[in-house]
Structure formats: structure tokens, C-alpha cells
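Below are two complexes that have chain A in common, paired first with chain B and then with chain C.
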Partner chain A sequence: MNKVPIDEILNKVNGIKITHKRKTRIRVDVDADSLPTLLELIKGRASYIHLSAITCVDWIADNQFELVYHVWSYEEKCLISAHTRIDRGSESNPAKYVSVYDLFKPADFFERDIFEMYGVTFIGSPRMEKFILTEWNGVPPMLKDFDAEAYVQETFKWTDYNPDWLQELTDQGGGIAVKPEDIRTAGNTHNMSTHRERDKAKAAAVKANEKMQGWKQ
Partner chain B sequence: MKKELKIIQKERTNPLAHVFDDFISFCQSKSLFMLHYCTGCGAIELPPAMTSRFDMERLGIQPMVTPRQADILLITGYVSIKTLKRVILTYEQMQSPKYVIGICSCTVNGGMYWQSYATAKKLNEYMPVDVYIAGCMPRPEAVMEGLQRLKDNIRNDKKEHKGSAWKDYFNRYDYYLGNQQALFGDDWQTPTDIIAEAKLYDLETEETYGKHTKLLEKHQTPLLPQEMRIK
Partner chain C sequence: MRPENYQAVKLGQSNEYEIFIGPNHPGIEGNYAFRLMLDGDIVVSGKADAGYLHRGFEKLMEGRLWIQNLAIVPRICVPDPAPMEVAYSMAVEEIMGIEAPIRAQWIRTMQLELSRVAAHLFTFGGHAATTGMYTPMFWGVADRDLVLDLFEDFTGGRVYSIYNIPGGVRRELPPEFLQKLSNLLDYLESRQNDYDNLLFTNQVFVDRAKGCGALTQEQALELSVTGPNLRACGLAYDVRRDDPYLVYDELEFDIPIQTAGDAYARILVRRDELFQSIRILRQIIERLPSIKGKIRTPIPNPLSWNVRKGEAYARVESSKGELAYYVVSDGGDKPYRVHVRGPSSMHAVQTLEFLAKGARLEDVAQIMFSLDACPPEVDR
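Right, the complex of A and B next:
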């Protein structure tokens, strides 16, 4: 049987963008509508039979979820990562997508995991219920707008530990050279809407860096 | 009618009573069986502590496989909320006197997982802890040091009331139950009837009961022996 080049198969899908990362890695960007078609094609026409993972990325600024389907071929020794974006939804109207369980049976667990961690409902998946976090009743914890630190601060208590030898450091302003808040604001510049906010964050980052240098010396 | 079982504390008239007490606590401290509940990375320090390099057995401490036959519950590392349920079940199965050792910073204060929504932070909110061994992870020397500390506490139990943290679970059950209910929900119930045990050991105080134990009574399903049959 003649081997059909993978690009030829992939190009049958409308609006596809193919990027050859390496010999063993192909990145594919498709619309949410044509992703099941793509998976069916690469499973049926090429030898991509192993769905090794489905990952989800929360793009909160774009109000979108990115779903990445990683499909491996044992014959080609190549991994196709199919990226697609779906609407992020809201609390009253959670995100929905179609399940690929009928194509790849392991999708059951991956979809259940994403349902638990991000709240995306996969229509057609056999068990859309709790998976690992059986004790958890809050919002899906991997969402960017879930503040784990605030949750922890209001749920748990802490052990006090104030020995004498630590007192000297505490008087100097604590042992933390750069406060976590500064790092976080410095890293999140792309999410900020106004220039003023961005400048403020950058100034904080520079200040934090200077402080760190001082501590190193 | 439910039969009330109670150990009656006899009046101590023997002039040598304290000598026997000392002797008993001495013997207890020299023979300890340890159940290691390896939840996190701290478990990796236990094999060298147990085996020929540091040799825990020279302190009289041996590993044991079941909670019912163990004296020490060693928790090595972070305790996720899901694991905490199992840890509490394991702890309640153990026979008194029982001792808990929390290894690693995670059992003290959440350690490097302090921001995580899924891990419990302070172990001694949910069960009385005798000794904490802080470190990330503590070296086997530190583990041995902690075990030695526990031994000393047991040895001086009667004199200074040190090694009796396990009594606190019965004395202040309402407090521990309240913290457990806050995490697991109001219908939380373990297969062990702690209040009945507290009565049996004559360890109940005013703080054994409270609003949390009332809540437990409301939801509690009676604990019946399981039917023995072959299907």
C-alpha cells in the first residue's frame, strides 16, 4: 500500500494550519467544528491511533479555552498536537464541547479530568462526574479566576512559629527578598488593560529585582 | 438495651504503684511498632532510617503493617484532603496508647504546598500530634532524633504528662471533629465510635461534647457488626 503523506491528509480539513515543529512533532490548528473530522481522518487514513492526552488551557483574557489533542502514531513515530479554541462560557452557561469517546476510548478519562478541573462539559462522554477531587465542591480549581491563595487563607489555619533566632530577620522586614505579589504582578503584564497599570507593574518588578540584588550581596 | 461497658478505675493503694507505672512506661518506650503512612516525599528518608545504615531497630522501633497492631503513626509529607480522610480512619483504628509523628514541613504548615486548595495544612487540627520533625525533607538523623524524643516523652509520661497526646483526642473530640467536619462536610462519620471509646477509657471531659458531636449524632448511622455469609 502506498503511503499517503500526512500533509495531504491534513489538508483535507477546512481552515487548517499545519506547523512542522520537528520530525516527530506536528502542530495543527483547527476550528472547533472540524476537530472531530481531523481526528477521524488521522485515525482512519493514517496510523494515529493513540490519543495520549487531552490538555486544556484557560485563556481568560480571550474568554476562551484551548483544547489540545495529542495523538501518537506508533508507525510514524510522530505526535500530532491538534489545537482548537472553544468559548469559555460563564457560570450560568458552562463551556461545552463534543466528546471524542466514540473515536478514542481513553478520552473518557481525559474529558472527565478536564470537566473536573475546568468545568468543560463534553457532550457524549459516558461519565461526566467527579474523578479525582471527590472531596471538592467548589468551582473547578484550575480556572484562572479561582484564587487558590485566597481560598487557602480563609479555609485553613497556620502554625505559629516565632523563635528568637528568627526575630532578627523579622525586624529587618522578613526573610522574603521579593514578595510573591510583586512577582505575580510583574509576570502578568499582558493581562493588564491600561498602560498605567503596565508601567506600575514594571516599576514594581524593577524594584523587586533591585531588592533581590541587594540581598544577594 | 445497650450494655454500658466501663473500666472501673480502682483506688490506688499499693505503695509501689508509681514504681510499676515507671516500669510500664519504660517498657512501652522500649518496644514500639510503627505504621508509616507514606503520603509524600519524606518516605524516601525512611528506608535508610529503618535499615542497616541508621538502624531504627536499635531504638526498639519496628515497622508494622496494620494499624491495629501499631503504636506509632508516622505521616511523611503532605496530606491531601482525600488522604486526610484515610489517615483519620487509620488513626482511629489504632489502639491506645498511640502516637503520631508528622515528618516534613508539609505536615506542620503545608510546606511548599501551602497555596494548594487540595492539601490540609496543620495536621494537629485533625488529630493530636506528638512530635513534628520539620525539614524538607528531614535527614534520617533528624528522624532518629524525633523518634528518640518521642521515646523520652513516653518514658516521662506519668511524671510530666508529655507522651499522652492521644488522650487529647478523647478529651477534646469536639474540636477535632469540628475541624474534620469543616473539610469533609456535615455528614462526616467514621466507623469508630470515639465517644463510646472515651467513655470506656474514662477520658471524657466537658470538651468531648459540643455542637459538632451533636451534629454527628444527627447524621450518625448506627454501627452494626457486618453479617458473615458466603454469597
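Right, the complex of A and C next:
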């Protein structure tokens, strides 16, 4: 039997966009409606039998979820990443998509994971239930509009940690140069300015420490 | 789930009963639980219960700078952390359109193979312990420690090296390092007979492991099993050879396979792989001194580094199987999305549930350890 080139098979799907990224990677963009057809085609006709992963990306600005199906062929030695976008839904009307469990058994794990972390219901998936976060009742945590840091601030209490030995160090100009609460209140934790401030404070502390030692001698 | 939140199953008139293994149990690898329905000592069904190690790494990574995430990624799998760093770095490099210098790629390959040696030594001990043999565990951990000494020598960290950054590696190898590595390989090879006598040909172990948790090749492919577990079913598939990365296409190595697909076949594949890793490391010792050049491609200031828009799927062969990172950037200073595809997420959930069905209670622990499942890869 002659081998059919993969592009010929892919082009059978309506509205497909194929990008050859490199020898072992093909990116494919399809409509949500034709994705199951595509997977069935590449599995049945082109030996793409290994479902490597299903990823969900939350594009909140576009109000869409992107689902990426990474499928590998042991014979062609090539990975097809099939990208599709579905509506992001709302709290009252959560996002829905069709399961590919009857094509790929491992979809069970990935679809359950996406259901738990993003709230996408996969119709036909055998176990649409909680798995990792069995005791979590809030919104799906991987959504971009779930602010993990705000949740931590509301839920847990910060306690001051001022043991005597640390107080002694602080009196000598050492200890914690910038307190965690100062960083938190500064707003953005990881920008350049906080790093510079921290470095400055550290340098000042070192200087003060040197002075102190000089005085001791 | 916390124990106090468990609801006991009421079965009415039945001989079946429910039993929990884990989360803290010598027969469970890491913090993981397994709910078994038993009839006598035969498992009727098993249900994996994950979440004890969930630290929300994927969410954390979205809130940290590209460079800060390197402190997070190795923590996803404790026994074999190096592939995590390399896969993440490779994905970021692919988005950036840069490539690590050739010398850095050789050093990375060396680190990956050393990590594989350490992880396999650890697994031998764990697997043997589930059959009641504890000596291989002491030996395995002691020999792994010698590898960790080398890690400390050239990366500064024993377990979590945090040695790779996008663009290359952090430090040049210390002087005399390759000699030390060579000595260690001599030592490990000299141990081959001891390990064979103690474990791999030990009749007590062979009797327990043969036929335990057997998978056919079709079942393994259907369940997306990868790595040594797939090779134990007779399929010579290895990401290092079939989707080459770093300098694996310049190295000579065989892909050991077994056909039985059971626990014994799996540990034999790991044993052979360990010696293939030693073979690869010997080639690296020979070639590395002649490869001169930089170890880092310059990257912008990591504290204000915006990675351009794009996405990449980087795959490496970890000691457990196919490990992949899917990284998406929206052009910002932090990743937009990082998805970790750990090989154990396939092995420890569906495959374990499938293999436990019909097994005897005392074999469940062995099945889990023979799959070399690493629960943090499930939880992330």
C-alpha cells in the first residue's frame, strides 16, 4: 500500500490550517466541530495512535478556551498538535466540549484534569468528577480570573515572626532586609523595582553591619 | 481526600470489602492513595486517589518570571529532576528561537544520563523492597548517593540542581570532573555482578516478579504507556532516538527491550538501560574535552525578560517515560501557560487501575513500583 502523505489526509478536514514547524512537529488549527473528525482520521489513516497530552489554555481576553491535542505517531515519528477554540462559557452555562475517550483511552485522565482545573465538561467522558482537588468547592483554580494570591490573603492569616534571636540580628542591622508584607503591599511582587529595592536595602544593611562591627573593635 | 472525609461504602450482602492503601504506606510510592475493592485477597477494582502532593505548580508558574520558574520545575519529580529543567529550558528556547551552544548541549546530555542512573538505582531498591528484600534498597540508595556527590560537584545542588537556564547551563564543569565521573562509572560497572546476584537473578525475587502486572503491547499502547514500561512490552520506542534532542543523535546506544511485559521484564529493561547510560556517559567523557566554546547563549536581563509570543511542546525521555512541557507565551515577562505532561500521570492512574484488577493484594505494591510511578507528576 502506498503511503498517503499526511498533508493529503489533513486537507480532507474543512477549514484546516497546517503549519509545519519542524520535521517532527506539525501544528494544525481546526474548528471545534471538525476536531474529532481530524483525530479520527489521523488515528485511523495515518497511525497517530499515541495521545501525548491534552492541554487547555484560558484566553480570557478572547473569552475562549483553547484545547490542544498532542498526538504522536510511532511510525511517522511526528507529533501533530491540533489546536481548537471553544466558547469560554459562564458560571451559569459552563463550557462544554465532546470527549475523545472512545478514540484515545488516556483522554480520561486529561479530560478529567481539564474539567477540574478549568471547568470544561466533556460530554461522553466516563469520569467527569473531581480527582485531585476533592475538597475544593470554589471556582476551577486554573482559570485566569481566579486570583490565587488574593485567595490566600483572604483565607489564611499572616502571623508575625519575631523571635528573640532574629530581633538581636535586626538590632545589629542584619536579619530580614525587606519584610514579606512590605513586598506584598508594594503591589506587583516580581517587578524590577522590588528587586532593586531589595538589593538596595540589603546593601544598606551590610553597610550598617560593617559600621557596627567597626564600632565594636 | 482527608481520611475523615471518606465515606465508607455500604455493600449489603456481599463478600467484597473496601481497603485503603496510602497516602502514607510503605507499599505506595510517595504520597498517593489507592482504594481497593477486595474479594478475599483478589482485587475486584481499584481507584487511584491523587492530590496529596498537589502544589499548584502550573498555576504558580503563571505568576512567576520565566527565570524564577526554574526553581519550581525540578520539584515536580524528586527522584529524577534533571529532565524537568531541560524540558522547560528547551521549550523556552524554542519559543525564543535560540539554541544552547553545543558544549552546553553535551553537558546537559551528561546531566540527563547521570540523573537516569540515579533514578534507576533508586527504583531497583524500591521495587525490591515491595517483595520483602531490603538490601537492594540500601545498596541502591548508597550508590545513588555517589551520583549525587557528582551533582553537587558540578551543579552545586545534590537533588535539585537548578543548573539549566534557557540558553545553556549555569556553570562550567569543575577541573578533574570527568576523571571523577569516569571513576564512578568504573565503580558502578564493577557492581554489576553484585546487583545481578542479589536481585536480578535472585530466585526469590524472580518468582515474585515474573507474571506480575503483565501488559500486552496493545494494552500498553492503548493506555499511552511510555518509557521502560513500554519497552518491556517489546516496542523499542525511545524519545531519545525517535524524536532526538540535544546531542543524542551523535551518540551510540541500544534500546533494551523485553517481551514479557510484566514486573520482571520492566526491571530488566531498567537494568539494561542503566548500563546503556553508562555507555553514553563514557562517550561523553571521551568527546567533551574536545568540544570547546561557550556554555550560554546570551539572554536579556532575566528580571525584565519578555519572551516573544509563541508556543512549544518539548519532549524528553525521563527515567520514567515521555516527559513533555507545553509552554505558551503571550509576549509577557511570565509564561501564559505551562502544562506538564508527566509520564506517571499515565502509569499511576489508568494503567495502575487496569493492572490491579484481578491481582492479589500483596502484588499491588509491586505493580505500582514496577511501573516506576512518581505521584507528584500526577498532582503537579
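One rule holds for everything that comes next: the second predicted complex is superposed on the first by the 160 of 217 C-alpha atoms of A that agree within 3 Å, B and C clash if a C-alpha of one lies under 4 Å from a C-alpha of the other, contacts with A are read in each partner's own complex, and residues count from 1 in each chain.
Convention: contacts are C-beta pairs under 8 Å (C-beta built on N, C-alpha and C of every residue); 3 or more make two chains touch, one makes a residue touch a chain.
All values reported here derive from a predicted model rather than from experimental measurement.
Contact comparison for chain A: of chain B and chain C, C touches the greater number of residues.
By the touch criterion defined above, A:His50 reaches chain C but does not reach chain B.
Judged by the touch definition given at the top, the superposed model places A:Thr84 against neither chain B nor chain C. In the superposed model, A:Ser125 makes contact with neither chain B nor chain C. Within the superposed three-chain model, A:His70 lies in touch with chain C and out of touch with chain B [touch as defined at top].
Of the two partner chains, chain C is the only one that A:Arg25 touches; chain B does not reach it.
By the touch criterion defined above, A:Phe104 lies against chain C but remains apart from chain B after alignment on the C-alpha atoms of chain A. By the touch criterion defined above, A:Pro141 reaches both chain B and chain C. Judged by the document's definition of touching, chain A residues 132-135, 141, 148-149 lie at the interface with chain B and also at the interface with chain C.
Only residues 81-82, 85, 108-110, 114-118, 120-122, 125, 182-185 of chain B touch chain A when the two sit together in their complex. The touching residues of chain A, when paired with chain C in their complex, are 24-25, 49-53, 55, 57-58, 68, 70, 74, 77, 79, 81, 104-106, 108-109, 117, 131-135, 141-142, 148-149, 190, 192, 195. Chain C makes touch with chain A in their complex at residues 1-2, 5, 49-51, 54, 56, 58-60, 63-65, 68, 221-224, 226, 235, 237, 242-243, 303-304, 313, 315, 322, 324, 326, 328, 333-334, 336-337, 339, 341, 345-346, 349-350, 378-379. Within the complex formed with chain B, the residues of chain A that make contact are 132-138, 141, 146, 148-149, 151-152, 155-159, 161.
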